[in-house]
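Both complexes shown next keep chain A, but they swap its partner, so chain B is in the first and chain C is in the second.
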Partner chain A sequence: MATSNSLTLSSATFAKLSPHPFLLANLQPSDPSTPSSRTNGRQPRQARPYSVNNSSLSHAHGSAVVRSGDTTVICGVRGETLLTSQIPNYRAPQADNIAIGDELRDYDLLVPNVELATGCAPNFLPGVPPTTLAQTLSTRLFSLLHSSKFLTAEDLRIYHDGAGTQGEGDTEEEGFGETTREVKAYWVLYIDVLFVSFDGNPFDVAWAAIIAALRDTKLPHAYWDVDRELVLCKRPTEKEPRPLSMRGLPVACTAAVFTARERQKKGSGQYWILVDPDRLEESLCNETVTMVVDNTEGETKVLTISKSGGTVVGPALMREFANVAATRWNEFRSALQ
Partner chain B sequence: MTVNSEPEALLSHLQNADGSATFSFSGYTVVGAVNGPIEVQRRDELPEEAAVDVIVRPAAGVGGTRERHLESLIQSTLRQIILVDNFPRTLIQIILQVTTTPENEYVNAKVAQATSNLPILPALLQTAVLSLLSAALPLTATLTSTSLAVVADGQSKKVVLNPSPREIETSQSFHVFSFTSHDELILAESEGSFTVKEWDEAFSVAQRQCCPPTNTDDGDTLMDDGSLPGANLKQFIRSTLEGKIASDLHWK
Partner chain C sequence: MADRRRINGPVGQTNPPIYDTPQEKRIAKRPGDNAVRKIFLKTGVTPSASGSAYLEIDDPFAIRPSGTNLKLTCTVHGPRALPRSAPFSPHIILSTHVKYAPFATRQRRGYLRDSSERDLGVHLETALRGAIIADRWPKSGVDIIVTIIEGDQNRDSPDYDRDEGWDMMNVLSGCITVASAAIADAGIDCVDTVAGGVAALAAQDEKSQPSIVLDPDVASYHKIFAACCVAYLPTRDEVTNVWFKGQLPGADAMLYNKMVERSLVACRNANRVLIQSLSETINPGQNVS
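And then the complex of A and B:
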């Protein structure tokens, strides 16, 4: 008895000692009666359900906590005003000329930041400069915020009516063509993403948290005070803060490719597509695919595809993955409501 | 502004690096240097394979988050083609210095973070591969990489190969594809707004561009390059290296 006990490993020890064979043994059980599944009990194409909690932070203009499995992200959006007189090389936006540039991008009106060093996982030490992963994540989120054109610059402009009384007609279209109305300031949105706990798939959950927080964001009514030359905000009791208008609902979906061969493979080996990988799976997979889709207009619209680290996923798998991403979109939309 | 439509490369021109290359194509010029296998820091050491370290330096300013993103993409791609198993507990370091980027004459671009990350990626990858070849590191395959934009042209849409910054800015979607010399897709980055069908079209254009039919094993038979819309990068890598080897062995 004693010998068999010392030779038998508990599954937790097996996972620690040799994680790759452990995951492989789970996906490819030697006993055919055991169903194939991942170490976390999920099917290869099964994602963890989202849960969303809005308006958790009292001092932010909008916030959300999004949890997917053991990955929990809190995102807060805070608006601050930026006077156009303080922008170097400022050019007033023209209604007819859209091609002149993107105000959101040119004046850096969206400032996302990702914080991983919160003790959310053992491999991120607190009190060190941002890791490569944190920097990569914030760049990807930044470029997705811009390339998806999720927000419009119109929402962030603070107008001043030259002739009329201040603070009127700023959500209405009227007066746009007239020359008296001018942009005096912009709202800059500071979008801070904090990982509360980290168990794989950071990009999807961080993006989901940003979307949920932006949908929750209500900016107070701001106007230009001519006498004091300041931007002032009305009290929420005086005038209801207005939400941002958003274009569609982009949702990210990530999968990792697990290959049976641990070392560099030659020829084709067996592989599994693991949707929504956890931390163990991420550490064992080289190739990842991320797709951001938007199904709001019926047809699946793709906003980002990012695939790197391997040669398994070709065009056929990519088409298949678009359907997986579409189901993930439906899951997130129902979690938001 | 003149943009050279033909790729140009210079191999092994840095004396102190194990391998080096300068590559310029469609307005980008990148200098690459490779050192390896060299000693690795203890905390980065991998017991069974070589650590690959990629450093990207921008043309102006110091590297920021955007360079970290490019580095992580290039690192995960190159790790697949370098035979890292051959050099356990060592480091292969690849340094890519951008020297020229095409200017967008329509906007006064800021230095930091103003534009998309992706347009420079093909030039960086191509330089890295040429530097690795110059360093004579064993590879499983080489890479060819291309970028393209889907531009609205009236009602229809057309695919523009190697677009200029202005074309990228006005495009509906922008794609970067990399293929190994075994014609497998190794990297795909796309942004903008597109359908899966459009991505498929872009993919097949890129595949035609990067993986031309290979009947070129016997050197100089493929002379009818006129059918290809852009430069044949696979052929370019081959002929550049052939030229380099011929000049190196000239003394014999």
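And then the complex of A and C:
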């Protein structure tokens, strides 16, 4: 710190001029009586609480606004119908329901997209193609949606009961007997994630918003109209729209590893694990760990681990981090209720 | 070629749900032709931007508690230095972006800006340019970004297909008000706070005579003949932008003037909300009424 009176910097100026020493000074205070904390006042393992608000959009079938600190995300889920005749290489699912492949993935029934260019932070301005971050986020969310098997294809199938529509006389369907239940169309879920405000940790909050929005999603009852060769839906007033069935509750938890630079002799080799990093911390940390866990059945199940950028986190730390993720899971579940 | 930087979904064409029975007509009773819907305005929703604001217009006939009609967020970034390659400019350069969220309207919107969004952007720019004291920031630029989270279209509107774009008027007036709040939040010097307002010539049902209404909720009218969106500086009594659309019957020459005057009333109303929200930002906790 500057000691002379002619050059005294406020902490905000110090943070802007030299962010790395600023964060280091906060985590490693020179005076041992002051507790070590991050620049945002949190403890290293302390995450920002989630707040969730459901069904605030009227045009989407399901929506959620999730806030975690200063990161605010809106997610809207919209269902549209896709005829099986429009799907190239379509193969009807077998009657015994043994998966011939992953329908959700094969027919591209989930379409998550992240929009960052809303001016949610100074470096995300519209008028340019999606940034690398927006593209990687979309792709990571897409693969997590599929790999977590959170949704089932059964919910998105629109069936046509051939036997039920037999009129007078002998139609061709007579020969098939009672097992003429065929899939005529699918629901395609467009999952759009919009960042209103961005302050670090985009993946966790975007995923939380997707989960909350999908839990809120109710698709109208759809059926195949033979005469018009169309998929028609029943009004919600006539038949209650049904919610999607979901498998478990995967929650993502991200931490960044902050290391003291080797140049500074005082604390070289020291590192801190900062759970739920904000924008300043993200810009200073190279190594990040993301773990997606599901605690629904009592024990922590790890769905995804991704780690990049450094060598600090080893197997032991990873195990420890799973416990942090488990507490984060509990936080999110209580925020959902 | 499809957009490679986004996830595009299936190759085949997808259709929004088609319902088998038409929506029953809503019986919308307006409190009166002069009634304006309630506006909620809050600044500082995006802390990392220089200025930001959020605006919501309440739907008086909402079935669900959350069924509001219009939701907008605006962020302002700047003033900041123009890139070195840009030519010299003696005043601030405004760039406005208006974008609908994909889930904002009945039809899903794409991610690329379409012509109506560009149109809104141009109108917004002219409305704001008159209010900002541009000479105070030579060689600098400011970005004003409005995201429409929910457009002013009612999901329960009976005429699903007939979309004549009247709701764009309300969207524009909301954009002007919210952008003005965000600019004030960013601390950019203005001569006054601009506010937007809409008046329309509309008929309640088939038989009734068209009358001029304020802040038309498109879904509750049988037909709208013309609409007018004005951006107005109340303390200076100046209009920075007028957008008029539709046809007026030729018999009454004063009708146009009347419509502009009525929309000024709507502007003053919006401005009152704007001023109150800004003074609440300055003195938090103190309830200014």
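Following the convention adopted for this analysis, the second predicted complex is superposed on the first by the 306 of 337 C-alpha atoms of A that agree within 3 Å, B and C clash if a C-alpha of one lies under 4 Å from a C-alpha of the other, contacts with A are read in each partner's own complex, and residues count from 1 in each chain.
Rule of thumb we're sticking to: a contact is a pair of C-beta atoms (placed from the backbone, for glycine too) under 8 Å apart; a residue touches a chain by one contact, two chains touch by 3 or more.
Keep in mind that this is a model prediction, so the values were computed, not measured.
After superposition on the shared chain, chain A has more residues touched by C, the comparison being chain B against chain C. In the superposed model, A:Ser197 makes contact with chain C only, not with chain B. In the superposition on chain A, contact is made by A:Pro315 with chain B only, not with chain C. Residue contacts after overlaying the shared chain place A:Glu238 against chain C, while chain B stays out of touching range. Using the contact criterion defined above for the overlaid structures, shared-chain residue A:Cys120 touches chain C, although it does not reach chain B. In the superposition on chain A, A:Ser138 makes contact with both chain B and chain C. By the document's definition of touching, of the two partners only chain B reaches A:Lys307; chain C does not. By the touch criterion defined above, A:Pro112 reaches chain C but does not reach chain B.
Residues common to the contacts of chain A with chain B and with chain C across the two structures: 108, 135, 138-139, 142.
Across the complex, chain A meets chain B through its residues 89, 99, 101, 105-106, 108, 132, 135-136, 138-140, 142-144, 147-149, 263-264, 266, 286, 299-311, 313-315, 318-319, 322.
Listing the residues of chain B that touch chain A in their complex gives 48, 64-66, 68-69, 71-73, 76-77, 79-80, 83-85, 106-108, 110, 113-114, 116-117, 140, 170, 175, 180, 182, 184-196, 199-200, 203.
Here chain C touches chain A in the complex through residues 5-21, 23, 45-49, 52, 64, 66-68, 73, 75-77, 95, 97, 99, 101-106, 108, 111, 113, 143, 145, 147, 149-150, 153-155, going by the rule given at the top.
Taken together, the chain A residues at the contact with chain C in this complex read 55-60, 63, 70, 72, 74, 76, 78-83, 86-88, 107-109, 111-113, 115, 118-122, 125-127, 129-130, 134-135, 138-139, 142, 188, 190, 192, 194, 196-199, 220, 222, 225, 230-235, 238, 279.
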